[in-house]
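Below: a set of structures, written as structure tokens.
Look at the two complexes coming up: subunit A is in both, with subunit B in one and subunit C in the other.
Coming up: the complex of A and B.
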């Protein structure tokens, strides 16, 4: 249990997918104009990451590896299968959001289907493979990474709502400011980097 | 006073011909006199307690730290060289030595920062916003005495342009400008602002002199290791190496009381920050394992009694002058409690269990600066929901 908590905390705060690895920037910059839509997208990312990680883990372990059912090394299919899983999960989220919150669906627009190509999600799955996580760790990493992404996009959205009233120089308005803010937020997030929760678990 | 006023009217430059000079003039003029401009349109707060007077109060509150900082630099310098080792000896030379250290830092900070500020003010065609006066006075207090001045200048340029002017100037910045300056130096030139060698001025290369701060000692060996070198009363009165203005606890508390009394700083943030730090400190004490000879340093640090944590490092300075910055802190009252508590607890976590950084308050405050708008957003949202419910109940 402690190991999973460790992975979760690390993924959410210490090695934040967004502010430490700068993954998933496109939707982060584009959908952070209001807190409400940011929260919606954040939850969608938590859900997709949390679901695709274990599925991809099972695929990687039981279909693609040499020890799997086909008995041969199919790891060259990894990317295409991972993306297929992610795309189908995103479709699921899209249908649910459209059914239950049409206003959020309209606000997210094209960025909801674009979660498919959100690099944070594929990146998460690939980190999982390269770090050789167990199934439990993969779930913890997916949920933690999603929570970290959620926190970052909500914070950026709140800041952008606040600076809407500031006299920002004209060339910096909009995306320029978002880039600048991302950098400054990354600086602030460095505060937690270097903490190793593992030493307190034994 | 009248003569001074006439003098100012005589030298007033032409606004059309030289906007830059006029901006500079206006800045200094309104420093000394309350301007008699009348607002023409819109709603304005009409109060003599304007931004300028507000900032002067903050500057006054940190004067004690400046004087003590100068003495402390000199004291450690001479004590390390084996002269005037007693506290009361050689006060004159010590103060003079400290002054010669602080003054260049202050001058460079002010010249660079105010230069940028004047430039932007004249470019945008509005009066000088004195926001930098306070940041510029705070910056020297959080620097080590021997920091190369060009690094300082570079950091100030970074903080003022990217941290403040890009957002639209005073009152609009998201991150605390003074801390942004320090964090720039901290990540760009870490060897000049952390470690054991930088805190005592002018003794580089002198054998047998270590200037480890209490925190550095505590991180290795816990409270016993600290008390072997510094007594608790030295730490309380501030005769320890550290950043220029952070050491003297009584003077900082005096400044904090002054700020609370004049209502410049928020007591909510200060109190909740103390509560947050104490809470995490007690938690750490509770979880600290039995100390034996080969316990890792971090567990010894965890076992340091929580009330002694306030004696070390820059907690009080960060609480009094940094976290309470009204621009970057939460704006709502409920938000201030949450903001302060989270700074206190996260800062303590960074200080004790993050081996990468010796002290946590700079980064904890920056982290919460980032989240302050989020906290405000949810507090306001909660208020709106409650009021809507109340309105429904009445209707």
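Coming up: the complex of A and C.
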């Protein structure tokens, strides 16, 4: 159990997908204009990361690897299969949410389909492969990465809402300021690197 | 009679002003990174050294140009409901080719770029150009649009990498055959001399090695670009 908490904390704070690896930046900069939409997108990302990670783990382990069903090394098909899983999962999540909770569906709106091309999702799956996680660790990494992404986008949206009342030089307004702020937030998140996740192991 | 004859003769020029605009617009006025905010994701993490950035830029130019071409050729055959998956399969096929080629040609750089080559698949520039341009344009124009956007993306990548490598490591093109040591003391460098090249007092700025430096450099780049180009102000 401690191992999973360790992976979760590491993925959420120390190796934050957004602020340490700069994944999922496009939607991060585009959707962070208000806190409300940022929260909606954040939850959707947590959900999709948490679901696709174990599925892609199973695919990688039992279909693509040499020990899998086909008995040969099919890892060159990894990108195509992973992205197909992500696209179909997003589609599935969209249909389920629409059926069982129309209010949540209306709140998320366009952001659900946009998650397909969010680099954080595919990046998470590729990191999972290159770090050779176990199934439990993959789930913890997916959820932790999603929570970290959620925290980062809500924090930036809150800052951008406040900064609307400041006198920023005109050419720097909007996008330029968002870049500088993200840089500063990245620096701040780096202070968390001093945490040793092993304290959660006992 | 005469009218139909002239109509037949008026063909679109192969490289007229419209085509030139397709190619040059993404370099400044409609830059994929600083104006369209597409493809920032994989752009930032690879730019700590110039050489891998150039490799990355070439890969993206290749993928986006051919993805635009193939999508444009197939645009009348793709049903609207499954177009996302068809586009993704085209992109994933091209990216897999790039990955295998790079793995064969230059393994150290391949290792350095790690997952970011794979992430070209979800690079929003490629998807964005396919959706916005190639789905409704002829193949030749799509190729030009792909080239322009790929090069516009590559320019930002190389500019950011230039400053990050110069101030962070004091070198340029490290890892490539034409490796240069520009500023700072060479004693901490792989060449075994203690003489300084230029500005021997300069100590490497470790901030520039971190990915956050890329955010600052792009922020300043946007600032300068929008100061010079007033019509971009407040688009965001």
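What we mean here is this: the second predicted complex is superposed on the first by the 178 of 202 C-alpha atoms of A that agree within 3 Å, B and C clash if a C-alpha of one lies under 4 Å from a C-alpha of the other, contacts with A are read in each partner's own complex, and residues count from 1 in each chain.
One rule holds in what follows: a contact is a pair of C-beta atoms (placed from the backbone, for glycine too) under 8 Å apart; a residue touches a chain by one contact, two chains touch by 3 or more.
Values in this document were obtained by computation on a predicted structure and should not be read as measured data.
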First (subunit B), second (subunit C), both or neither touched by A:179: second
Partner chain(s) touched by A:187 [first = subunit B, second = subunit C, both, neither]: both
Touched partner set for A:171, first subunit B, second subunit C, both or neither: second
Subunit B versus subunit C as contact partner of A:155, first or second or both or neither: first
Which of subunit B and subunit C A:126 touches, first, second, both or neither: second
Touched partner set for A:118, first subunit B, second subunit C, both or neither: second
Superposition-derived comparison: subunit B or subunit C, residues of subunit A touched: C
Subunit B versus subunit C as contact partner of A:1, first or second or both or neither: neither
Partner chain(s) touched by A:69 [first = subunit B, second = subunit C, both, neither]: neither
Set intersection of subunit A contacts, subunit C complex versus subunit B complex: 169, 172, 177, 180, 184, 187, 190
Contacting residues of subunit A [partner subunit B, same complex]: 35, 154-155, 158-159, 161-163, 166-169, 172, 177, 180-181, 184-185, 187-196, 199-200
Residues of subunit C that touch subunit A when the two form their complex: 34, 37-42, 44-45, 84-85, 88-89, 92-93, 95-96, 99-100, 114-115, 118-119, 121-124, 127, 210-216, 218-219, 222-227, 232-236
Of subunit A, residues touching subunit C in the complex: 20-26, 29-30, 76, 78-80, 83-84, 87, 116-123, 126-127, 130, 169-180, 182-184, 186-187, 190
Subunit A contact footprint on subunit B (complex, rising order): 124, 162-163, 165-169, 172, 174-175, 180, 183, 187, 287, 296, 298, 346, 349-350, 353-357, 360, 363-364, 366-367, 369-371, 373-374, 376-377
